[in-house]
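Order of writing sets the chain letters: A, B, C and D. Residues in each chain are counted from 1.
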Amino acid sequence: MASGIWIIDQHTEHLEFHYRVEEVLYSGTTAYQRVEIVRAPALGKALFLDGRIQSAQVDEFIYHEALVHPALLTHPEPRRVLIMGGGEGATLREVLRHPSVELATMVDIDRELVELCRELLPEWHQGCFSHPRAQLHYGDARAYVEAAPEASYDVIISDLTEPVEGGPSVMLFTVEFYHQLARRLSDNGLFVAQAGSADPIYPDFVASLARTLQEVFPLVRVYWAFVYSFQLPWAFVIAAKSADPLALSPVDLETRYHSRGLQTRYYSARLHAAMFALPLYLEEALRERGRVISDRSAFVWQA
Amino acid sequence: MASGIWIIDQHTEHLEFHYRVEEVLYSGTTAYQRVEIVRAPALGKALFLDGRIQSAQVDEFIYHEALVHPALLTHPEPRRVLIMGGGEGATLREVLRHPSVELATMVDIDRELVELCRELLPEWHQGCFSHPRAQLHYGDARAYVEAAPEASYDVIISDLTEPVEGGPSVMLFTVEFYHQLARRLSDNGLFVAQAGSADPIYPDFVASLARTLQEVFPLVRVYWAFVYSFQLPWAFVIAAKSADPLALSPVDLETRYHSRGLQTRYYSARLHAAMFALPLYLEEALRERGRVISDRSAFVWQA
Amino acid sequence: MASGIWIIDQHTEHLEFHYRVEEVLYSGTTAYQRVEIVRAPALGKALFLDGRIQSAQVDEFIYHEALVHPALLTHPEPRRVLIMGGGEGATLREVLRHPSVELATMVDIDRELVELCRELLPEWHQGCFSHPRAQLHYGDARAYVEAAPEASYDVIISDLTEPVEGGPSVMLFTVEFYHQLARRLSDNGLFVAQAGSADPIYPDFVASLARTLQEVFPLVRVYWAFVYSFQLPWAFVIAAKSADPLALSPVDLETRYHSRGLQTRYYSARLHAAMFALPLYLEEALRERGRVISDRSAFVWQA
Amino acid sequence: MASGIWIIDQHTEHLEFHYRVEEVLYSGTTAYQRVEIVRAPALGKALFLDGRIQSAQVDEFIYHEALVHPALLTHPEPRRVLIMGGGEGATLREVLRHPSVELATMVDIDRELVELCRELLPEWHQGCFSHPRAQLHYGDARAYVEAAPEASYDVIISDLTEPVEGGPSVMLFTVEFYHQLARRLSDNGLFVAQAGSADPIYPDFVASLARTLQEVFPLVRVYWAFVYSFQLPWAFVIAAKSADPLALSPVDLETRYHSRGLQTRYYSARLHAAMFALPLYLEEALRERGRVISDRSAFVWQA
């Protein structure tokens, strides 16, 4: 029977996801966002920010493996990695699986959120916040990047929330910022971003993000994964100065995967290229619906 | 927007009440029932047992004043009072307002629930569990009553959950038990029970409860109140050996009310008689829909 | 199980009532309001206006009997009755039960709604729209009243929706209008209005409505009923030039009730006076929370 | 605001999807199942069977293209095609896009449902029920197949609901039936089935379906697609006597696609092979969680 405690993710005013809750681990507000951390039979533990599901224990591995490994495996020897956002620590966890990484720096604006995740979501970070090769910085990612020396990073990962009106990430998806960011990447460096929904109704964010990156990088590739707790296919974009994620043969990828001792549950060298094969509607949206996002004309995500 | 944490009271499979939750104070299971204690904007603090709302801070005063004062004011000098059930402590709180009460004993089967209420619902009990004239006993109310000497109590209050299948209160509404109970009342003693919904669709419980008490007591009177967080008009029954709650004049009632120093927010001497004036449909249901509840043919409440 | 079609009445942003729907009889928008007419196991047929339940087959008799009979029985021989609002036709139905009524005029602004009710809710109107003593007028009730000759009516009934922002009834609860209305009542005429919720949290509308009527009429009395599909105790106000609903003895009322051949399910001569006995919190709210509503300072009901 | 009419898909007792409804086009029960056809802002028109979403206008093309084209393009010249189930007519629509098809036969047990779809879901069938190369048969698909001559079909498509307890499709997924079915396929014939969810929590149905088909066919391949209105990644299985969907080069596939004049929105020759690249968790589930489904030990899908 329906009685009891539930958490609702109101996706739009026309669509709601209702999850029965076993335990409310945290409910409160940081300086930047409302935070709920619950345990739910359908999700395991789950993190909600401003009412929207961010991460669920049952399938966070899909999102985080899909975000991290295609870019890091494309790079022959990633040593310095920057993560923008990434509060739960699972992106950092996947980055640190690559033994060549000497320093993984995570810059998140919301210290209270990161501390909540550190305390309540150990299944995500698995202790990696204290890893000797990890560094945590609290602050605005754009300021942090712009203050960095040139060629500081081999891979930069954008694990940011969508640019909602008034939210802290609106200025982190613009062409001006990406020009700055590109200069902080090494010559064979890669940038990868979570790029929002890849559904046929509203693929506008990924289309514009890809279009914007094409202004800055010679090579831009969109790929996708199905993070089912997001209820939608999910897009990612890799932008590179030279390294092409589709240039490696499956055998080479497999070799890199094993030589780095990776262990995954979603990503595999066999799946790698397939993730870049997109449905026709998304190919069409990428051709037709994107625009260059700029500081003066930021992208604001429509709920 | 709807996002966030809610508690659902599934009234029937066709009707649900959804309350937004500010804070989950407790969610767990005792030996007898599932318990949720939440803070909700529409309710203040609220207690849910087995998924059904029991008590809300915004209007618990209505239920508890309506349960206690008509019977206690009808008695000229209630000294010994027994409460069966009453976990939150608010019935006890109202009983102790009557200065003639020398000992108020509360018998509740669910110690864990009472301890949760003691800790989390001080607005209900207001410290009365530790009152020098209060006594707390954990166990089955029927066994407790049957073990008591004759004429032990001036007023006995039945503040029990409805007799749901398999629940602990099924055998506390039978004619056999009421015969036993009547013997534990003093000569001008009164018995009062919360009697479930007074709505036109399913007034069966109050009808049968009144009918059953008529087998035992010479005087049985049904009254009602509007406990709006129950979403239904609510029935109560007073059964007496001799004292009639409608025998006192408004002036006498008013005098008793003031001489006992009572302070209420719902009940008044002016409202007293009006509470016993019932709508036609309920008068009709009382005439036609009741049956005698017995140990062999217990009443099982239909959700 | 919960799957299937439901209708939600979002009472406030913190409280929702969910009713399972068997059949959607109508869903659309008139010039004035959104209308849903459904059949629901918990309600029978039910009418929702702008998302809020207005009337349910299971208990519409409570509201309509409570609105009509106290005023009409107080009048010795009501002949001309005006109903402002009353779209479903059930107020008209109850008025026409009084055989002295020569003409009952109903003025509703929303012709489409009335026609929908006529077609889909025959259980409410029971054919009374075509009654030889009934008259239907579509338009603004204020304009209609102000155009009427003096002393046109013995009873005027305000069966209007609450004065929500921008809604059609905002200017129908002001002291200026009530002065006009009073002049259209005969010398022993009565005015009765549904007056919104009588709950302890938000009794502001009934308090201000009563306060406003006291500016105009020598006698104002508030009473209440529990229309349980509204989930709240409900207030009504009678205002009179001379006739006092509490002046008649129960015996006189009973005599009038029978001589007029009334048949009711909620109201009875025995219940009559009890409906005017109010809980303490409401007496207090009536003393303390009302203000005079005027054209320049209209009352806007807070959802 | 949430008020208004919604349809709920109770996925499990812990997870519900709530869709706001603009219009209820049909709500009723056929001899086989409960049917709701609604128009919803998040879905367009949508069909729900026994409370579960079957098909939504916004993305039915994903499911139907993914079900039909991989198998039909693998076959060099499909002429006779059998569809088991497929009530909405969209599978038939996609089959008829292949010009070599001389006869497409659809066998569905639920005539009332097909007639409802024919009337209310023209966007799905697009008139194909009346296509000169289409044939409609109402009855049990197993009986129909078993009565067919050997080698009757080039492609057989299983577009059936999951085998829920007591439902009509339970005996349509067993090894005994598949042996019968294989004999009705031509030598280079293919069988394709929608195979339920491909999520990491409950991939048991696709695992057992693939395992069962391996008992009968020399070649069995699982693939997947993201039908986002199902809220889950979705699995399909192709089983063949000889033709391998992965044997054709992308160029050959592209040539076939164009020579047949296909027009799609999800499927493309470029996406074809990628659909067969599975996530690691699903590869593992296919190895470890399947069992042979038989008449005596049918698979019953757990909600």
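Here is the rule we go by: a contact is a pair of C-beta atoms (placed from the backbone, for glycine too) under 8 Å apart; a residue touches a chain by one contact, two chains touch by 3 or more.
What you are looking at is a predicted structure, and each value in this text was computed from that prediction instead of being measured.
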{"item": "CA centroid of chain B to CA centroid of chain D, Å", "value": "57"}
{"item": "Euclidean distance of C-alpha centroids - chain A vs chain D, Å", "value": "33"}
{"item": "Multi-chain contact residues (two or more partners), chain B", "value": "2, 13, 16"}
{"item": "Arrangement of touching chains [line / ring / star / complete / other]", "value": "ring"}
{"item": "Those chain pairs that satisfy the touch definition", "value": "A-B, A-D, B-C, C-D"}
{"item": "Chain B residues within the chain A interface of the complex", "value": "1-10, 13, 16, 21-24, 27, 34, 36, 38, 48, 50-52"}
{"item": "Chain D to chain A touching residues, read off their complex", "value": "11-20, 40-42, 58-59, 62, 199-201, 226, 228, 231-233, 264-268, 270-271, 273-281, 283"}
